[in-house]
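Consider the two complexes below, in which chain A is the common component and chain B and chain C are the respective partners.
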Partner chain A sequence: MVQQILSEQLVIILNGLSGAATLFLLGTGLSLIYGMLNFLNLAHAAFLPLGAYLAASLIHATVGAVGGTLGFVGLFVVFLVLLLVVVPAVVSIVGLAMERTAFKPLYGIEDDYQLLATFGIILMMEDAMKFIWGGEPVSATAPSNLLGTFSLPGGTYPWWSVLTILVTALVAGTLYYFFEATRLGKITLAMAEDEEAVGFTGIDTRSIHLKVFVIGIALAALGGALYLPTASMTTGLALEFVILAFAVLVIGGLGSLKGAIAASLIIGMVQAYGSYYVPVLELALVFLLMATIMLIKPTGLFGEIEA
Partner chain B sequence: MSQDTKTGITVGIRQRFGNRSSAVGALLLVGAFAFPYLPGTGQYEVFLLGQILAFAIAALAYNVLLGYTGLLSFGHAAFFGGSAYAVGLAMQYYGMTELLLLIPFGVLVAGTIAVVIGFISVRHTEVYYALLMLALAHLIYVLTVKLYTVTGGTDGVAITTPTIAGVNYLTAWGYAGYLMGILYYVILISFVVTVVLLWTFMHSPFGLTLKTIRDDPERARAIGIPVRRYRWYASIMSGLFTGLGGAMYAFLNGHVTPGTVLHWSRSGELAFMTVLGGTGWFFGPITGAGAFILIRSQAQQLTEYWHFMMGLVLFLVIVFEPEGISGIGARIRRRVRDWRGGGGEQ
Partner chain C sequence: MASSFDPDGEIVKRGVPNIKEKIGRRRFMKGAGTATAAASMGLAGCSNPADQGEDSSGGGPIPDEPLRMACIGFTSGPASVFGTPMMQSARMVVDQINENGGILGEREIEMEEFDENVDEVVQQYRRLATREEFDVIMGYISSANVLSIAPIAEELEQPTVVWDTGTTDLFDDAVTDPQYIFRTCASSSTDAVGAARLLQNALPDVETVAGVNQDYAFGRNNWDLFQRAVESLGIDVELVDARFTPFPNDDYSSTISALNDTNPDFIYSSHWGGDAVNFITQANNQGLFDDTLPCFTAGSHVIGNIPDEIPEGILFGARGPHYPFGDQQWNSLHGEFVQSYQDEYGEPPYAHGAFHAWQAIWAYVYAVERAYNVSGEYPTKDQWVQSMEGIGFNSPSGFVNMPQGSHNVVEPSFYGFSERQEDRVALRDTVWITPEHVNPPASMSTGEWIDNL
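Showing the complex of A and B:
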């Protein structure tokens, strides 16, 4: 009986953590790009579905081409390289191209108009994905199937979700190190305070700007690639992810990495416990929480930058 | 004396509208009333114009916030959909079919929602206002989807044919459904009422106060305007009229779902229409709603990827003509005037 309850709790916590992993990868980029570059990009969340769709195509292609010839380890390594490296890299290139054409003209304009113009961009991205991958739900469970599940009293749990949690924890740690201990990270933080002043010191702010932008997009794409093997993707989801990305941004505080980590964990747990005990209110709780935090502390849990 | 007063009013109207604009306005109004009987108009065209008018009501209301108060809302779907759902649920649960009761009911529900979420949201401005509206409106969306035993979930609610003053307008018109009967006129009259009321409000001291807040909130506060309270009033007014538009949408479409009326992308569309038409001009949002519906209906006939075209239009408008269609119109008028003036000098 006690064992049953413990294993129930373990499943809920694991669900919460893997949900938090996706949210962190989704929201960090949005938060960094807004905090560092002062650019509120509604379309940011669309890079997660883009990563997921691309991951699906790559997984299907791999399984079709070499699925039988590689052993367990070989296939697993191929999947890891595809999902952790190729997908973020390809989506980053797409993001870079979009930065130069679609996002750059928007940097100087008011926040309100940035929100609206990027709303236009997300509509375009949604339809572009629908055009390429079709309107039907897409899934590719091969990597998750390969890893299999482990058993708990009263059920099983996919190893892939555990892997997602571990990879995300590693990414979060690396980012933390980047901002706290590297020169580039410090410059980035300084740019968030005063981009012009940093520019006067001779540092190429435009190139750092691009780096932050691309890192954000790569993280969202990674989130999509890790999310896909245990779920399926449809085009309407892009618009739903936008809302969750903003929840992370608002709860954590604009531009704060610590905030993004804390907010993803909080939302992930609220969702996991919510969907277990009060399934009807699961998502509603997230937005209630978001509204409450905005009322009590408008800058979010770790935000310092005033709007 | 009555002569004087009359002249005074005429002069006043002339000053505000200009002779030509008022003539154009009157002509458009007559055209709109005669529209179902014009040669070449069928059921589809009347439906389309009805839809334009319904959205124009909501877009005019949206502009009270964006254009006059300087607040971008990403939560207007709550007012639009709240009213549409109020109409649908009142029909379903209370068997209320009287349009003349359902409209005020829908507007009242939208107003109540606006009182609550407006009160919370105006505590912040700019991006925070937009996001708080977004969060609270999305809360309503999510609850509507999840509480399917009450709301029908994603299947939505059917809106049956209402009666108008106790008369079933479909059969009263002779042929069932022909040109939607009186419903078109209900929408048209609601539209005219909205234009007149919002015009009056926006050209009253209330409207001027809002403009003052938009232009410089700090100065407005310094001269003694309770800024937050006026933003709240503006949100409520905007919510009420958006609700009127939502109720019209519900009657026109006969069915509402969370995805079509409550989702945040609907709020984005209202913002889109307003910006497309031009926020700086009272009648801009009407043009915007018209252009939006026409472009969309054309795009939908051309391709299933019409969202792409709408997104592209929105993007291009903001990058190249943030003042929207009114901005383009103003520029053309200016060019013509310059050209004429230049020609005269030579």
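Showing the complex of A and C:
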């Protein structure tokens, strides 16, 4: 009995952590870009499905070309390289091109207009993905199938979800180190406080803008790549993700890494426990939480910038 | 858990429905005649309605302009795994009719396709019915959508053929006295009562049952009917859990964990489309099916989407006897349809919606031809309505019957266990239940009928 309860709780916690991982990878980018660049980029959420769709194409191509010839280790390494490196890199290049053409003209205008313009961009990106990959759901479970599952009392659990949690934890640690211990990270934080003053020191703030932007896009793409092997991707998901990404932003606080980590964990757990114990309220609980935080602390749990 | 049936043979029968083709397939002979459309009423049960009155039929002018037919289904989003094959089938059927000259051999059909994946379903329907003036609107996969448009169809007096949606609320609640709206496929009653009868008559070892259904009209309706049928039939099982998941949804991990902990012998699920794909994939990963028999009442189409994820021994239905392969041989139309679809699109018609599209379009055409044959005039929309009532015809899924007094087709319930066969997943140990055992009579609502079983 005790073992069953422990196992039940372990699975809910793993579900919560794996949901939190996707939210963190998506929400952190949105938060960084808003916090550091003061740019409210709704279109950010579209880079997650873009990463997922690209991952699907790469996985299918790999399985088709060399799937049978590589052993377990070889195929696993290829999948890791594709999903952890190639997908974020390619999507970053797309993001960079879009930054220069579509997003740059929007910097500095009022938030309301940024919101409208980037909402238009997310719709165009959705349709572009539909044009390329079609309207039907796309799935590629080969990496998850390759890793398989482990046994728990009463069921099994996919190793891929555990890998997602571990990779995200590593990314969170690296980001934390980047902001706390590297020169570029400290400059970025300083820019969030007073960009003009940083500019007076001769630092190329535009270049830092681009780097933060690209990091944010790469994280979203990584989120999509890690998410895909356990679920299918379809049009319309970008709009669902954008809502959850904003929940991370609001609950955690604008531009706060600690806030993004905490908010993702809280939302992930609320969703996991909510859908387990009170499934009809799963979505309502997240928004109830968001509304409560806004009433108690409008800047979010760790935010200092006025919302 | 059970991996085969133990049917009693009285209610749940082994094999495929005995739906032999009754007469030849010639569908129309135009000629002069004076019989009235009213005379065609009461002829339900004819295996080819277009043949009725052929000896004294025809003669009147047939409109020169093409018939304008709007077809609505999900061609994007998660439900498109179901909707796209359905629309492909509709396109193929219309092409075949047009290649033979069209309705009555003369009037071509001009089909326009519309994606059901829109926010404003009602506005879309109103626009098609009023501003674009389609002769007939065929459509809807989502039960929620059809419940929204059904009263408007009646208000606008717009001939409308609901070709796939399942909820029994359509004619039990939303439109209780239908005139212009028909449904040419079976309702959720076929799924839910069929599954309950399986428990009672073919799966004696099942003791505990859980439900997992999508949280909208179709899923709620399905679980309600199933639960009531279990209670009304006095089936000796315990209902241990009922879960409703968002529609659409991509993360089922917590729902699956909860079901794993309840550990039911049998799971009733009306999941379909991308949701069924995600649920089955993730449930497999989390070992839910290891010692539980899941029953996807309308989910057999996913065997085409994720064949590698379908374990052996899952129970599948297709809301009627719709089977994607040409080897059941229940009539010649089945083999022809499956082969045509395979030739056209390079894969079998996995989605039962593909069969539903055939039924809807041919029901409309047969009704026009029957009315013309008996009256000698091309029917007005009201004459078409009269001709549709009580129509019955052979289809790729056997004989399709709309009982007199009903605007809803009834079909047998059909289930089988998933089995890998070379490069595909098929169904083995199939069983079926007659339409009378899974559908209410025309005089009763589904709920009333179930409660009095």
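Observations, loosely collected:
What we mean here is this: the second predicted complex is superposed on the first by the 306 of 307 C-alpha atoms of A that agree within 3 Å, B and C clash if a C-alpha of one lies under 4 Å from a C-alpha of the other, contacts with A are read in each partner's own complex, and residues count from 1 in each chain.
Following the convention adopted for this analysis, a residue touches a chain if its C-beta (ideal position, glycine included) is under 8 Å from a C-beta of that chain, and two chains touch if they have at least 3 such contacts.
The structure presented is a predicted model; accordingly, all values stated were derived computationally and were not measured.
Under the clash rule set out above, the superposition-derived model of chain A with chain B and chain C contains a clash between the two partners. By the touch criterion defined above, A:Thr234 lies against chain C but remains apart from chain B after alignment on the C-alpha atoms of chain A. After overlaying the two complexes on the shared chain, residue contacts for A:Lys130 are found with chain B and with chain C alike.
Applying the stated contact rule after C-alpha superposition, one finds that A:Leu116 touches chain B and leaves chain C untouched. In the superposition on chain A, contact of A:Phe287 is made with chain B only, not with chain C. Shared-chain residue A:Val78: touches no atom of chain B or chain C.
By the touch criterion defined above, A:Ser161 reaches chain C but does not reach chain B. In the superposition on chain A, no contact is made by A:Leu219 with either chain B or chain C.
Across the superposed pair, chain B and chain C both touch chain A at residues 130, 279-280, 282-283. Put simply, chain A touches chain B in their complex at residues 40, 102, 105-106, 109, 111-113, 115-117, 119-128, 130-131, 239, 242-243, 246-247, 249-250, 279-284, 287-288, 290-291, 294-295, 298, 307.
Residues 75-78, 80-81, 84, 115, 117, 215, 243-246, 248, 250-251, 253-258, 260-261, 263, 274, 277-278, 281-282, 285-288, 290, 305-306, 308-309 of chain C are the ones that touch chain A when the two sit in their complex. If you check the complex, the residues on chain A that touch chain C are 4, 8, 11-12, 15, 18-19, 130, 135-137, 139, 141, 144-145, 149, 151, 154-158, 161, 230-232, 234-237, 271-276, 279-280, 282-283. Interface residues of chain B, counted against chain A in their complex, comprise 66, 72, 74, 120, 123-128, 130-132, 134-136, 138-139, 142-143, 146-147, 263-265, 268, 271-272, 275, 305-308, 310-315, 318-319, 322.
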